[in-house]
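Chain IDs A, B, C and D follow the sequence of writing; residue 1 opens each chain.
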Amino acid sequence: MHFDLGVWIGAFLTLGIISFLYKDNPWYKICEAIFVGISAGYWIASLFWQNLVSKLYDNLAPAIVALFHGQIQYNLLYLVAGILGIMMLLRLIPQIGWISRWPLALVVGATAGLQFINYLVSNGVKQIYNTIVPVFGPVSDAGGIPPVATTGEGIGNVIILIGTFTGLVYFFFSKEHKGLFGGAAKVGTWFLMITFGASFGYTVMSRMSLLIGRIDFLVNDWIRGTFG
Amino acid sequence: MELLRSRIIIGITLLSMVLMFGSALAQDADKRDVLDSTAVRVGTFKKPVNLPIPAQLDVVEDSEGDAGSSITVSWLPSPDDGAGKNNVIEYQILRSESQDGEYVIVGSASRGMTQFQDATTTDGVTYFYYVRTISKDGGANSQISAGIQSSPQWFNTKDLDTFIIGLIICAAVIYFIYHAQKGKKFFLRQIAGLEAVDEAIGRATEMGRSILFIPGINDMDDVQTVAGITILGRVAKTIAEYDTKINMPVSRSIVMTTARETIKQAYVAAGRPDAYSDDMVHYLTDEQFGYVAAVDGIMVREKPATCFYLGAFFAESLIMAETGNSIGAIQIAGTAMPAQLPFFVAACDYTLIGEELFAASAYLSGEPKQLGSLKGQDVGKIIAMIVILGLCGLYTVASISDSVSLLDFADKIKGLFSAS
Amino acid sequence: MNGNGEQKSLVERLQFIDRRIIFLFIAVAVVLPLLFGATLKEETTPIVQELFDFIEHLPPDSRVLLSFDYGPTTAPEIQPMADAIVRHCAERDTRLYMMAIWATGHNLTGSTIEETLKPEFPGYVYGEDYINLGYKAGNQGLIRLLFDDFKRMYSTDANGTAIDEFPMMQQIKNLKNFDLIVSFGGGFPGIKEWVLYAGDPGNIPVGGGCTAVSAPLLYPYYPNQLVGILGGAKGAAEYENALITKYPAYGKKWMGGMSLMMSQAVSHVVIMLFILFGNALYFILRAQRKLETGGGE
Amino acid sequence: MKRTVPLLITFIVGAVLILAEFVPHEPFGNFGEDFSLYFDIIAVFAFLLGGGNLIRVHVTKVQRKKKDWPFSIVTLVGFLGMLAAGLLKIGNPDGIQGDVAKLGSLFNDLYMFIFTPLQASMFALLAFFVGSASYRAFRAKNLDATILLVAAFVILLGRTPFGLWLTSGLEGSLSFLQIPNLANWIMGVPNLAGQRAIMIGIALGVISMSLRLILGVERTYLGQDNE
């Protein structure tokens, strides 16, 4: 018999978490408490070194030293980041807590600006671009368009077109879902249902592999490793 | 004030567009000429065993629409690339700072390629290039290009199409916000998940249990989290009016701060500032699964009557939604993470799908300005639908009739959507 | 659905069967095949084959950036892909630049090098043929930074040696210098971010291996924005199959993806049986109600 | 002042970042990246608030001997211990200069032996929940639910060899009906169409939401005082 402390701790924690499936119990509560504490500490310590030290301090300190020598460097802008960070902390002083709205406003403004562009390009324009194909027609090499090789592909293209179109109809806010429009929206929901069903079915597999990884640990590393 | 601001933004955008067009045109005029016809041929001392016919330089120019430090070299492929002797392996791109100086390899491109971006240049330095066509037996050189410099640009002409499309959608949204503000009424269809919000809060009140609000696990730099928080603002107001308990564990500190601010103001707006407490929002851990472990614990111990999941979710979505289901809570979810939507649809009572999440706070607010923006979104949808249908039709006609000019025309319009 | 009715028939009670019974069945379905160590072969589909072919046609000394963007939780699924692609790249004599935008990816990069690359390709020299750049924080921001200036973020390798000391790093100025980027992505940030912030703006070929759950989201990016994707254990098994077809020597090796496929297949069947069972009950119940109430619901 | 300045900040930052996307020239070209760095830095400061809150909540629980208070001690010990191990780099072979997660440091040990198994186990619970969710949700109650069920079932079958085995009899022109082919077709055609519609919708939703934020139409996150 071979005793490996790390494996035993791992097994204790693994079984504790899995015990939640039966019902809430003290074993799970211990694992949960450890998990919350350890992981919060992990993130704070990691980001302290990675963000505060290597992003703020390492960039700002030389720039401030240079400032004393009369040079103004681009990295001085990090001072702004530092000040914004401190403003965030001013929440702790109720009288001037409202100042923390400033960095918040910056975060929200920047998020809005950046994601506006990202989603416009990758989710919007590019997806429209990808949808544009000749739905049907002989193989042609006249332009840069992808040829339609088979009837099956042609039908597929038509279905993609219908699905994307009716799906968009479903999302319309300013028109009631009735009549022809409602019919299109209904077809749109069918496509969404297929999408959800397919993604769900596809995922089952992925989820199993995680469990397999854990069971593999329990069976091979813990039981066989200890007793075998 | 809003009115003024929207006018200002339209003004600014138009002005900047004019400026950018101007600078883009100026750059075009400035484009360097392509080839130096007097260039000498280099490196043909050894009699080739079976060398490929060298590629011809096509255009060598400063890379378009970038921040400098890059020159694009393009060439016409060797006739032996994929045809002829078919012995081309790859192309090497060589560079020197003087025409007859020492040339070093700056990169290579596999056969079939006709372009290379040398992203290692220094702005303002003149470079000369040639392309070497490599086969098993050695390389054959193209002529040498004229001197060329890289420089940064003020407008990314490659993104002009994106810019225009963005502008049109913005204009539509702002137009309808403006009109809604002036009192124009728009019809809006019902969204089941949002209709159910009041009832869900009411149920928690009746049962004397708390309401759990999960704003996703991303930070405020994700617009989904922002959407979740804006919905929280509306929901919290109702909660304050009903005098129900809200419990909001979060996994990000900035989200905690923002959520407190939001709930506090909702309580003020509901006329019950004294009922607010900072304890309504508490931080657990940034770790995804640590967070979900704790949330699960809260669920089975506190048994909230209603759970909201609104924001960015990953794998933890189903763990929470299934646990919530097992305690019999009414669950309203919403996310723009397509991978998690199926789980919410399966395990929750109501799910806001993608776009509906972003529209929810506007719906719940009932403010005309906000609702107007939704109408603007619909215009975006109409444009997308027209473009998709129209161009697919055009291509199909072109493809069947085999008309080159029609194809060119279709390609041109489609090119507008080829955002880089 | 009314969960607390008074008198229920057996069929009615089975409809809302205690979840713990389902849990038990799933556990058994996973454990059994694992005990027997069975494997399952998979035919390669185009979306996997194309990535394989792309790597197969890379000239020797091409620069491939491998980003290990996953953690221990998704490693059972993604590690077999990383192994297969590292093997393939090494067979093609490409240069491997390994990095991670997940903190957890760092350890996995190390174990891939120690357990796969070093023992199987002793000829691969560190600093000339492969390099471990380690993890840097910043998520998609990091990719944006690397896109413009690789060495601003990576001034040393994972061991702290100055980056300019390695011959293979001299030509690298930014992401555009790579012939292929492969992200082994367990979530966010991952393949999508590589496409958005590197592949798209720089026209750099991007391929990836991801969990089965994120694969459907990445399909829309294929083939215009992604060379190919390995989705879940099935994707891994397919790539292993392509590898074995081309390099038969691997036929004798134990393949992670194929082994995983077996346990998955069995557990799938269990879930499908439950779905069928649930629907059968549902229809029986509905027929009973129709009889009682004389039709209509 | 309390609200106008933040609204102005949001407006300027948002508008400039959108426009900067189209200006490659210095300094605009770097704005997006700079923001990523800024955000990370602000987030670290905010951690003090989050971590402080965690400590306060659990200390209060212990002081007042609320239900389950002993577990709060465990959380506090874990949190402070991990924090100390990380900030002081206890046991780090390279001392305080070394990488925080250096192999052999206490921080890395705690991560490897406690954090990792917990994380992986929690994730593994999903396998069970996927089972229970599909048992309950996949009922052919109405047309929509039936479509969902059928799509999921075909995909599930297609991911196993049994799908192929069941339908291997369908050959030639009927081979597209073989379950694996059918599964691929569902993933590649109707699923893709649905995904696209969702994605385009999301793009529009984000654009409109961003505009509402930038223009100050949506301002709940700043509070609604005095309105």
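Quick notes
We take it that a residue touches a chain if its C-beta (ideal position, glycine included) is under 8 Å from a C-beta of that chain, and two chains touch if they have at least 3 such contacts.
Keep in mind the model is a prediction, meaning the values are calculated, not measured.
Common neighbours of chain A and chain D under the contact definition above: B, C. Counting contacting C-beta pairs between every two chains, the top pair is A-D. Each chain gets a centre from the mean of its Cα atoms; for chain B and chain D, those two points are 17 Å apart. Here the CA centre of chain A is 14 Å from the CA centre of chain B. Separation between the centroids of chain B and chain C, computed from CA atoms only, is 23 Å. For chain B, residues that reach two or more other chains under the stated contact definition are 67, 162, 166, 169, 221, 223, 226, 254, 257-258, 261, 283-287, 289-290, 293, 301, 315, 338-339, 341, 343, 345-346, 353-356, 359, 374, 377, 381, 384, 419. Shared interface positions of chain D, i.e. residues touching 2 or more other chains, are given as 11, 15, 18, 21, 29, 32, 36-37, 39-40, 42-43, 46-51, 54, 68, 101, 112, 115-116, 118-120, 122-123, 125-128, 130, 132, 134, 136, 138, 148-149, 152-153, 156, 159, 187-188, 191-192, 195-196, 198-202, 204, 206-207, 209-211, 213-214, 221-222. Of all residues in chain A, those touching 2 or more other chains are 17, 20-21, 29, 31-32, 35-36, 38-40, 42-44, 46-47, 50-51, 55, 88, 91, 101, 104, 107-108, 110, 112, 114-117, 119-122, 124, 126-131, 161, 164-165, 168, 171, 192, 195-200, 202-205, 207-208, 210-211, 213, listed in ascending order. The touch graph of these protein chains is complete, with an edge between every pair of chains. Of all residues in chain C, those touching chain A in their complex are 20, 23, 26-27, 30-31, 34-35, 73-77, 103, 137, 195-196, 200, 211-213, 215-216, 220, 224-225, 231-234, 260, 263-264, 267-268, 271. The part of chain B that touches chain C in the complex is made up of residues 67, 70, 89-90, 106-108, 110, 117, 119-120, 218, 289, 314-315, 326, 328, 338-339, 419-420. Chain contact summary for the complex, chain C toward chain B: residues 3, 19, 57-59, 62, 73, 148, 171, 173-174, 176-177, 179, 187-188, 200-201, 203, 213-214, 216-217. Those residues of chain B that touch chain D in the complex are listed here as 1-2, 5-6, 9, 12-13, 16, 20, 65-68, 152-156, 159, 162-163, 166, 169-170, 173-174, 177, 219, 221, 223, 226-227, 229-230, 232-234, 252-254, 256-258, 261-262, 264-266, 268-269, 279, 282-290, 292-293, 301, 315, 318-319, 321-322, 325, 336, 338, 341, 343, 345-347, 353-359, 361-362, 365, 367, 369-370, 373-374, 376-377, 380-381, 384. Considering their complex, residues 11, 15, 18-19, 21-26, 29, 36, 39, 42-43, 46-51, 53-54, 57, 68, 115, 118-119, 122-123, 125-126, 129-130, 132-134, 136-138, 148, 195, 198-202, 204-218, 220-225, 227 of chain D touch chain B.
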